[in-house]
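Next up, some structures in structure tokens.
Same chain, two partners: chain A is paired with chain B first, then with chain C.
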Partner chain A sequence: MVLAGRIGRWLLFTALAVYMLLPVLAVALYAFATRWTAHVLPDGYTWEYWRAALDDQRLFAVVARTLGLAAAVTVLDVLLVVPAVYWQWVRNPRIRVLLELAAAIPFVLPFVVIAFGLLTLSGQIVPFLQGTVWLLGLGHAAIAFPFLYWAVDGAMAAANVPRLNEAAQTCGAAPLDILWRVVVPNIGPGIATGGMLVFATSFGEFALVQILVGNRFETISLYSLDLLSGTNANFGKLAVITCFTFVIVFAISAAAVHWNRGQATRLLHGGQPIEGRG
Partner chain B sequence: MSSQPSARRAVAPESVAAEPLAHRLRRWLADWLPALPLLLVAFGMLILPVVALLAQSFQSDDGGLTLANWVATLASHNDQRAIGTSLAVGALCATIALLAGAPIAWFVSRMLPVRRATWLAVLNVAANFGGIGLAFAYVATLGAYGMVTLALNALSVPFGPPAPGSLGGLVIAYEYTNIPLFVLLTIPAMGILRPEWWEAAQTASATRLQFWRAIGLPILAPFLAAGWMLIFTWSIGLYGLPFALGAGSASSRVRLITLEIGDILQASISGQGRAAVMAMILLLIGAVSLVTYRELLRRALRWF
Partner chain C sequence: MGGVSVRNVTKTFGAVYALDDISLDIAPGELLALLGSSGCGKTTLLRSVAGLEHPDQGQILIAGEDVTQAPTRTRPIGMVFQSYALFPNMTVRQNIAFPLAVRKQPAEQIAARVDELLALVHLTEQAERYPNQISGGQQQRAALARALAPAPQVLLLDEPLSALDALVRTQLRDEIRRVQQAVRITTLYVTHDQAEALAIADRVAVMKQGKIEQLARPSEIYESPSTPFSAAFVGNRNALELPVRGGRIRLGQVFDVAPTGMTSARALVFFRPEDVELLPNGRGQPARIEGKTFQGALTRLHLVVEADGQTARLYADVPSRSAGTLDTGSSVRIHVDPASVRAFPADV
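What follows is the complex of A and B.
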């Protein structure tokens, strides 16, 4: 009975490991394979795709755009979220009601619906914003803000911000000073964890990019799709890009776990972790 | 003499009203100003678009009020099939994630710290990997020239992998992120089951099976159901992954609500009323499952 249980567990985790690692291995091999249509392993290996990727001006621009957008969205979200959460803790609890409601929306609404809604709305009231990266950036900031909101809110609870605020006020500090010199240094890990998730959301997002800007602002997602199924499909180059994406995702996950003191984080909207208070 | 009071009367109400108004405005700003930018972005980028779509779903092409979009969508065979398939994919994915994820979450939560950290790291990366990259990973593994396909064929096993855009292909690709997500979501709940309870059950000479049936599962059930609900909603809302999976082979591609919306938006200006109706159906599904999720968690936490 015990032995059977042990074997069952071993099988379960072996299967999981194979399921998780095999696709990564396949992508990595594709990035080096000359021809791979007949045998278990590629017929030969080459650096060709990596060299081609380095020479590819279009790829360079695509990567720069994607990283730049994700970084800008992250900075914007930090600037928007941190003061709001601070204020909801120390001054006006009613802010929490509104923000928690807003933070649930990207969970209730699939991104494709948000993209569609933004397309319709911007056509009606701000046509000059249509197809611009500004609209895309604001959209990304809106769909990704819940991650930062929950992370920062949790960090402020853990740091007991109302108490810190009281102490700083007693010393005569102004709210902005308190926020910058007292609160922010105490919630660093929360900002970092949430910021990573915001960055990752914008980095891999597809629906808003495709529907709001399309090829006017080509990101890694769009370029990947073109290489996967477009007229000039190129699996070798796509494998190189996917490896790059994977490294970014890995770095983000590792950093988020590290800053979150070993706790797991997740990229699921509405997914405040199911926590027992027991 | 008589003019003075009347002048005072004329001024007084104004100053009583004006002074508090400025005062009230200042206090309102002091209450809300730091949160105002975020609230404005959330309102303009999340709430107003929904209102716009809701309005559009009841709008005819010439701008009049109509139920035609709803009637047409709900009566259309293709749209019914898309809605049904989306719900089926969501339910199937969530169930598989539950069946595989619950035992994994349980075992990972009982692992020694180093081992647990390793598994958590692997699950974390997998959970965050998605979209077009994952679609390519599927093709590279289980496509016509995918690694597993080639390996099995080399062993002369007759193996035809499910087409990427087919139901089977979608489910296999979705689970790559769904199982890790389910595990990460439910691991915190696993801590609720105390080791003492198992010891107490053993003292009462209960078998492992009896323990799980009578104690373990009833306690964990609401948490597991909540996890199921999240994966269900998440899977229904996916767009980039199924789009990329189905992009290669239009013939074997299944119809999903999200894909229909995308297709309408890509194709033309007409038919957007229908897309708005489907968007509202997605909103409805999401809202119902969010309320269910909250209720499940509320019940689950009542005892703790």
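What follows is the complex of A and C.
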């Protein structure tokens, strides 16, 4: 029975892994294919698309721009969301309703609608931001913040932040001290998970980039579109870029998961003692 | 060390009075226990002194200074929470150092103070461990050291032992008392455990529904409860409601008392199980043993007494060594010294 159970688990795991990895492998193979027509595997293999991609200065600029935007959006969301959720937990639980409503909006409205809404609103209030990367950054921060909000909210609940806050207050700590030295270190896994999702959302987002800035701030998604369309169509190179994107996002996810694992053991109540440590 | 004065403090949550015009003074260096059942307001009072709750009315003074409106972080207090509330991301040493670090004290000074406190609470060997790597008792000692680190005027303990098992609880209770005496710090100690309160405190305030029922030394609370609630809550007393006839209250040959000033028709009568004497045949009131509970050194007899046309059930504690011959279903004769009986009007 034990052996059967173990085999069943491995079969399930293998099937899931194949289901998840097959499309990625197919894209990777496509990036090396000279032609891929009627067979299971490509007709021939080449480095040509990789060489072309690595020689393409435009692509490097696009990747750098996209990474920079995603990182900035992640930092902005962390700076806005963590204090807001902390405030909600320790001072004003009534703002939870507002935050939850705001967090639902990006899932209720299509990004295209949000983008046109931002365009209209910014035209009336801050017209000087129109067409700039600043408006795009703010837009991305708005659509991606729910991921961080839920992750941080859950982490604060798990860490019993209200009690830690009271304990820190009785120790004489001021609110900023508490936030920086007590709360943030204890919700690290939540920030890492939520931050990763914010980063990935901004990294791959297309509608807002296209509508708010267009080619004035070309990101990977716009560049990919360019490779799909018209006379510039280059599916091999597009496959290479898809591989790049996958590797970048996967590396960030793996780093977040790895960091979370160490943190969770130490931070969660009831974590196993680690003998000999320290 | 300064004392604490609570003056006419009232705190409501909606329509409920958590604190109802409470006043008390804690002398410098005194350990005062707030004793009561859940919801009596004891924790609200402690949290009001800490500044974690804000009274609707009244004043709180620490060392003579009015701190009623002062934020928690500026009050000269240290607090130990029921759930320890150690910072999981910090080692024991870092936890104890935290109150000093936020006060921007020099590193050498912090290190020396932390070492002193680690020694005081016997945690030197666990200094570099994280909270999840030490036992509950050690966590609570670390929390105590952290509370004492900035040398506060007042130490506040909110049910500090309730999450611990019985053996550790007794050891840690004695240790808290030892540390409190060593530091001579004014201490407010919240508990629902009467044995803990009586064992550790210089004075005990018995609380009920936001009011202090009785405030006295532990022996006085135990020997001379001033209200029916104190009598019932402290000491596991037998409680009977009996008629008052001609100013006297009697239960057959068990007791016959004439409390002064008793004008009501019925009285609540309290006496402790250990005050029930078993007498040789021919004296006292017959009582049937309905059951018995072994409690270690003592055995508790569950007795049924039929006297003066009424049936009363009561407990008697006898040494376990002599309880072996007292079988369930057999009869004994009992008597209670009238001086051990406390009586209160039943219609109050």
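Note that the second predicted complex is superposed on the first by the 222 of 278 C-alpha atoms of A that agree within 3 Å, B and C clash if a C-alpha of one lies under 4 Å from a C-alpha of the other, contacts with A are read in each partner's own complex, and residues count from 1 in each chain.
Simple rule for what comes next: a contact is a pair of C-beta atoms (placed from the backbone, for glycine too) under 8 Å apart; a residue touches a chain by one contact, two chains touch by 3 or more.
Keep in mind the model is a prediction, meaning the values are calculated, not measured.
In the superposed pair of complexes, A:Leu164 makes contact with chain C only, with no contact to chain B. Of the two partner chains, chain B is the only one touched by A:Ala104; chain C is not. Within the superposed three-chain arrangement, the count of touched residues of chain A is higher for B, of the candidates chain B and chain C.
Judged by the touch definition given at the top, the superposed model places A:Ala64 against neither chain B nor chain C. By the document's definition of touching, of the two partners only chain C reaches A:Asn186; chain B does not. Contact with chain C, but none with chain B, is seen for A:Gly172 once the two complexes are overlaid on the shared chain. Once both structures are placed on chain A, chain A residues 266-271, 273-274, 277-278 are touched by chain B and, in the other complex, by chain C. Note for the complex: chain C touches chain A at residues 50-52, 71-74, 77-79, 81, 83, 85-89, 91, 98-99, 102-103, 128-130, 132-134, 146-147, 149-150, 156.
Within the complex, the chain A residues that touch chain C are 159-160, 163-164, 166-174, 177, 181-182, 185-186, 188, 266-274, 277-278.
On the chain A side of its complex with chain B, the touching residues are 1, 5, 9, 12-13, 16-17, 19-20, 22-27, 29-30, 36-40, 79-81, 83-84, 86-88, 91-92, 94-95, 98-99, 102, 104-121, 124, 138-139, 141-143, 145, 175, 200, 204-207, 210-211, 220-221, 224-225, 228-229, 235, 238-239, 241-242, 245-246, 249-250, 252-254, 256-257, 262, 264-271, 273-278. Every residue of chain B that touches chain A in the complex is listed here, in rising order: 30-35, 37-39, 41-50, 52-53, 56, 100, 103-104, 107, 117, 119-141, 145-148, 150-151, 154, 175-176, 179-181, 184-189, 191-192, 194, 208, 223, 226-227, 230, 233-234, 236-240, 243-244, 247-248, 258, 261-262, 265, 272, 275-276, 279, 282-283, 286-287, 290, 293, 297, 300-301, 304.
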